[in-house]
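Structure record follows, encoded as structure tokens.
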Amino acid sequence: MNKNLKEQVIRSSGVNVLKCMRCGKCSGTCPSYDEMEYHPHQFVYMVERGDIETLMNSKSIYKCLTCFACVDRCPRNVEPAKVVEAVRLAAVRQQGNNHMNPNQIPEMLDDDLPQQAIVTAFRKYIK
Amino acid sequence: METFTYYPGCTLRTKAKDLDTYARSSAEALGIALEEPADWQCCGGAYTTAKDEIATKLSAVRTLNSAKEMNRPLITVCSACHNVIKQTNYDIANDEEMASKVNNYLKLDEPYSGETTVYHYLEMLRDVVGFDNLAQKVVDPFKGKKIAAYYGCLLLRPSKALAMDDPENPTIMEDFIKAIGGTPVIYAQRNECCGGYITLEDKAQASKRSRAVMDSAQDQGADMMITACPLCLYNLKKNSGSELPVYYFTELLAEALGLKEGNNE
Amino acid sequence: MQEAMINRAKQLLADGTVDRVIGWKRGEFAYDITPAVFRSAEELDADFVFDDFTSANVSKYLVKESKKEGKILAFLKPCDTYSFNQLTKEHRVVRENVYIIGIPGGPKLDAEKIKAKGITGILGVKNENYTLKIETVYGEETMPYYEAVLDKCASCKSKKHVVFDELIGDDGEVLESNRFEMVEKLENMTAQERFDFWRDQLSKCIRCNACRNVCPACTCEKCVFDNPNSGVENKAPADSFEENMFHIIRAFHVAGRCTDCGECSRVCPQNIPLHLLNRKFIKDINSLYGEYQAGEDTTSRAPLNDYKQDDCEASIVHERGVE
Amino acid sequence: MQVNENKEFQPLIVAFCCNWCSYAGADLSGTNRLNYPSNVKIIRVPCSCRVNPMFILRAFQRGADGVILCGCHPGDCHYTSGNYFTRRRMTLLFSMLDFLGIERDRTRVEWVSAAEGAKFAATMNEFTEAVKKLGPNRRLEDLRCRKQ
Amino acid sequence: MQRIGVFVCHCGTNIAATVDVKTVAEALGHEPGVVISQDYQYMCSESGQNLVKNAIKEHNLTGVVVCSCSPRMHENTFRKAAASAGLNPYLVEIANIREQCSWIHKDIASATEKAIILGKAAVAKVHLNAPLTAGESPVAKRALVIGGGIAGIQTALDIAEAGFEVDIVEKNPTIGGKMAQIDKTFPTLDCAACILTPKMVEASQNEKITIHSFSEVTDVKGFVGNFTVTIKKKARFVDETKCTGCGLCTEKCPMKKVPNEFNMGLDNRTAIYIPFAQAVPKVATIDPNYCMMMKTGKCGVCSKVCSVGAIDYKQEDKFIEQKYGAIVVATGFNPIKLDKYDEFAYNQCPDVVTSLELERLMNAAGPNGGTLLRPSDKTHPHKIVFVQCVGSRCDDSKGKPYCSKICCMYTAKHAMLIREKYPDTEVYVFYIDVRTPGKNFDEFYRRAVEQYNVHYIKGMVGKVTPRSDGKIDVQASDLLANEQLHIDADMVVLAAAIEPDKTARPLATMLTTQMDTNDFFTEAHPKLRPVESATAGIFLSGACQGPKDIPETVAQASAAAAKAIGLLVKDSITCNPCVAHSDELMCNGCSSCEKVCPYGAITYTDKEFKMPDRTIAVRRVASVNPAVCQGCGACTVACPSGAMDLNGFSNSQIMAEVDAICK
């Protein structure tokens, strides 16, 4: 349990994790569920428990599509995607923890790829 | 002629020129003038919901503030830009702390606090032009075409901020399809994510998601699909492995209005 | 006009439609026109006056007159019809006992404004191309017509008769008036400035009760200020509080019932702009609860006897305007 | 109230409370031992709509520095609609006092339910502080009633 | 000359610890008119009360002030004590020096000072108190029950049983309510119709009960014991007294494409219809929105085939007025609309249904004659997914904040019935929690799991995707397996939240009763007075007060009936004497007071007055019916002349308090 990290994630996300009633609808609706090691409802619960580092070290934080399905469909207005985002930021803000390296980019490109994909990746994975 | 401030966004300048040119020519034909603010910047492509992320929100605020200074509503057409700008605007208007932090950075003449109205191009068609009016201006209707509207995640959610349509039961694109003479196809995956954001990082997932969307539309008998998002278009075409054609909605709009030939240099 | 009114009044007396007429007659001076009851053609011929100084609202007299036996003819200007309607709504007049002839409204003239130009000994006036020619015992004088118009007429709200049995002349329209300008100006002052303004004005009050007596909404059987049991009985203001108190309570008691006829300010011998208090209430009511014109009809609910579930909270006073 | 040169100004606050909600709410803050200043004196009325503007002016006349009116929340009035009338009356009265240059913070309407003991205490603390800041009521006082 | 006694209570140390009670008693002893001022340990105790009583007798007191706890606590105690000593009870005033003084202040000096001021205010007020006598008003020996579901029927039967007349007003053409639509009931699985329809018949045959079906309450005036209610009998275009319910008209009616609301729109009925076979009253009703005769003037088949000539196309709404002593509200509930939750594809796929629709699909009298078939293609479903808590337990904007209470049990029932009848059908239930408090309830749910092999999965459905092959892809989380599931279902059943009927809110306004933010009626006390509303004479029965299952509804219905009977057996009730009254000499007759009176207690009469000049003037003046007035005082402020005043809280009394406080 890391109290500082927990507080930071809660502040940064603006989410009140205590509103969660553990229905699991976020994980029921998540399109990236199978790609994730920890699922949306687990993010909410683990943040409540203060188990942030486990989440920060998991690839799950890069699998969220930020599609807000969980945010819109949560019956309790918990907004799990905002929790995921806050944990991801806590991770990439640490020195040398950029998830993506600009040098990798050119090999990923093809002619049709809109640059919005690259902009987004930088915005989300790099500090 | 009514004039709006128009924000094209970076992708519409490069890979999604079609989305832009057809939007402009159609607007003109519908009696709407679109004026770009002089100094817009890329919106960032993805909205950072974190409350302690300020710098990443500034470019969107600058655009919103330009529109405020031009004293007109702001129109966007790219779903991603729309989502970023509208969420930014919502948070600035509703989160005082964030607004004051942003204004501290920007040092504007007058602080920005969410005054600008942001419309998506589709909302402009619905609320300013009116779908009934649009239908009357159509010269080349898509008669008998079964068209699937793809909203994706960006146009509708988070519904609190976007407030464009019912997030689970949207009708705006279907009404648009009816206006241009086509038959809308309702399919359950129309408001699910195509996985576009992850396409750089995880092709497999992007392809799984886009496939699910395309399959659902095809399964309900769609002949073609329309979208407002360059990244969705790319992903659905490139990664789904499906043959179903995907177009920007503005392309169909221009075609229905009889403008397509003239603009295809 | 005067002649047409007299002729019609005579006819109605003759055919028995009415047995008396309420109109106006001249007092000591040419501009001193006061309401009077006429019972015969002779009396009408002798004393009935209707001219540019005839501004008094006769509605209030009908509270008593309409309860007497027989029917009375009343000549009502557009603004007077609003007062009459409001009194009907409050069951203060008996509509069936009044035969109403709607007559054209002002603008009427303010003798004080003419006198303020140093013109005295007024015998009569004539409006020629918006120049007022004043016949005086010292010869003819002139002044711009609009400078002599009564304040209440200058911000006239309506030329329409909301109740009548017949009309002499044409009916008019509800006007777009600028009557809230001064209220707005005051609202935009600071609290201290407003306080100073009103202290200056209300301290002039000599409690002559002219405002209360002329007001067509002030028709209580017994006024709270005259009632030793009301707890606020108060015949003459002893200090600034009582000056304030009288005018606040008076304005509050007529809030939502005042038709903005402007008589209170017209008759105030101290020239206190009392109508601004009433207009403040009217303006608040219009902006907070929807447009409402007292006296426009006889059935609608007065704003203070009505509510909506989503009315604004009283804290709105704290949220707007200048402190 | 005593205006002692040496002492901090202690405003006199008159609170009109409706019997069914706010008076019960005030009782509840007592039951829960929630403190608020003794400057506040409560007058019980059956409903907030019983409060005549004359009572409020009377309180100011006799030396009150602030008057607060508490009633059931809109929609919860024991008499169904009383507080709706109160709301309109007080809005207009306060607006008029404001128009005459009387400080806005001397008057207030607050809806306090029978269950909101904490809100009652908080409201009284807040209101007393606000009136304290304004100092003694000078713009609407009756000099004859001023205390030595 | 007033002779006032002041009694200061210590309340043990509750008051005495922070308020110097001796000083208070001493100070108040010097107030004008006070002849005795005492303090005592416990004023509310018997010896304390005797102190007051003896003082009243000994000093011949004209008024009593008790400085003690809140008047809400002991005002009545001291009023009774005064009355027993021969003093009018309304000459007693309480100064609240406990809840509003000793309990909130810590400083003894300022608390004592405040207690004295509060005492002075009470003394000032009691100087002006007038003796009041509580009047009595008669009780009309008839009850009105609004709503003819199981709650209303049970209440009506119980009241009739006690020998009182009861009227049931039901807005639909038949009584029976939701229970009539239900197939089986939990946890016994007996058929709902078998236990409900005998009660419906009993109600219709009981000579004390009058059923106004297809009717609505449009106006309520009056007060406890004396309500006057206007009931609109909506035109059904069939003469109820003639129609025999033979049903020939419904067979012959050519307009057969009207969505059948009794079957939740899952099949069609005719334009002239009887909702179901056991309807009470069994009378046909014409739906004017569909009837060809009413719309085009061409048809008239029903009129031709009706052998008793009951059809009347020209029938109009009828209004009847009736006096009642008590009113019982039993307006019930409805499932919510599911438009907001289309991730479950309710609007996209006919095979996604609500639980109430499933009841009809399974009911022998339902659209499929009791065989469970998919609405889309009338085939047997082999895999059914149930989703719990759709719209219940939500945050503000997302749905209802409360648990709908009945869904867990009826879902277990549905699952069990399906597994029983169609063992080849797999049933999945996605749940958040399974809530089964109630006799034999959890055992029932366990049976569904253990005996019938229903798959209960802890988790929630997140997305439903109908496919063209007729299957429905249900994507959901299985929280215990930590998996996301995809189930190829044939049907999806949504346990929609329930909400109060939409007619309840306007009715509450008419009845001057309170509602919570969810539009459930508020009970007078959540624990101790659960079936009474805060408005005297109005009682609550069934789901209009909160979500309830059938046994609870019936229990509450009988409880409401008992309360109503308790009122109806009285010949008269005592009224509150603290009511408004008008001084005719000052009244303007302007009607302002009447406009703000929520009870319609004010009427006007023309009265003759002798004028000072000896003439007679007729004036319109207000008079207050003291039995109707509840004493809010709204009229006293609306009255510009101050003619209207309130007993017990008069203008002069309140001003005296203000003066005493501000002195």
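In order of appearance the chains are A, B, C, D and E, and numbering begins at 1 in each one.
Here is the rule we go by: a contact is a pair of C-beta atoms (placed from the backbone, for glycine too) under 8 Å apart; a residue touches a chain by one contact, two chains touch by 3 or more.
Being a predicted model, the structure only gives us computed values, none of them experimental.
Asker: Measuring from the mean of all protein Cα atoms shown, which chain centre lies nearest?
Answerer: Chain nearest the overall C-alpha centroid, as shown: E.
Asker: Report the inter-centroid distance (CA atoms only) between subunit A and subunit B in whole Å.
Answerer: Each chain's C-alpha centroid was found; their separation is 24 Å.
Asker: What whole-number Å value describes the gap between the mean CA coordinates of subunit A and subunit E?
Answerer: One centre to the other, that is 47 Å.
Asker: Could you grab the centroid distance between subunit A and subunit D? Build each centroid from C-alpha atoms only and quote it in angstrom.
Answerer: 50
Asker: Of all residues in subunit C, which are in touch with two or more distinct other chains?
Answerer: Correct list: 224, 230-231, 304-306.
Asker: Where in subunit D do residues touch two or more of the other chains?
Answerer: 53-54, 58, 75, 81, 85, 89
Asker: Find every residue in subunit B that makes contact with two or more other chains and list them.
Answerer: 192
Asker: When you check every pair of chains, which ones turn out to touch?
Answerer: Every pair of chains in contact is listed here: A-B, A-E, B-E, C-D, C-E, D-E.
Asker: Which part of subunit E faces subunit B closely enough to touch in the complex?
Answerer: Those in contact with subunit B are residues 339-343, 345, 347-348, 397, 463-469, 473.
Asker: Across the complex, what residues on subunit B touch subunit A?
Answerer: These residues of subunit B touch subunit A: 9-11, 14-16, 42, 44-53, 56, 78, 80, 95, 152-153, 156-159, 167, 192-193, 195-202, 205, 209, 212, 230-231, 234, 237-238.
Asker: Inside the complex, what are the residues of subunit E that reach subunit D?
Answerer: Within the complex, subunit E contacts subunit D at residues 70-72, 96, 98-101, 103-107, 110-111, 113-114, 117-118, 121, 509, 512, 514-515, 534, 578, 596, 598, 630-634, 636-638, 646, 649, 651, 654-655, 657-659, 661-663.
Asker: In their shared complex, at which residues does subunit B touch subunit E?
Answerer: 160, 166, 168-169, 186-189, 192, 216, 219-221
Asker: Please name which positions on subunit C make contact with subunit E in the complex.
Answerer: Listed in rising order, the residues are 67, 90-92, 219-224, 227, 229-231, 253-254, 301-302, 304-306.
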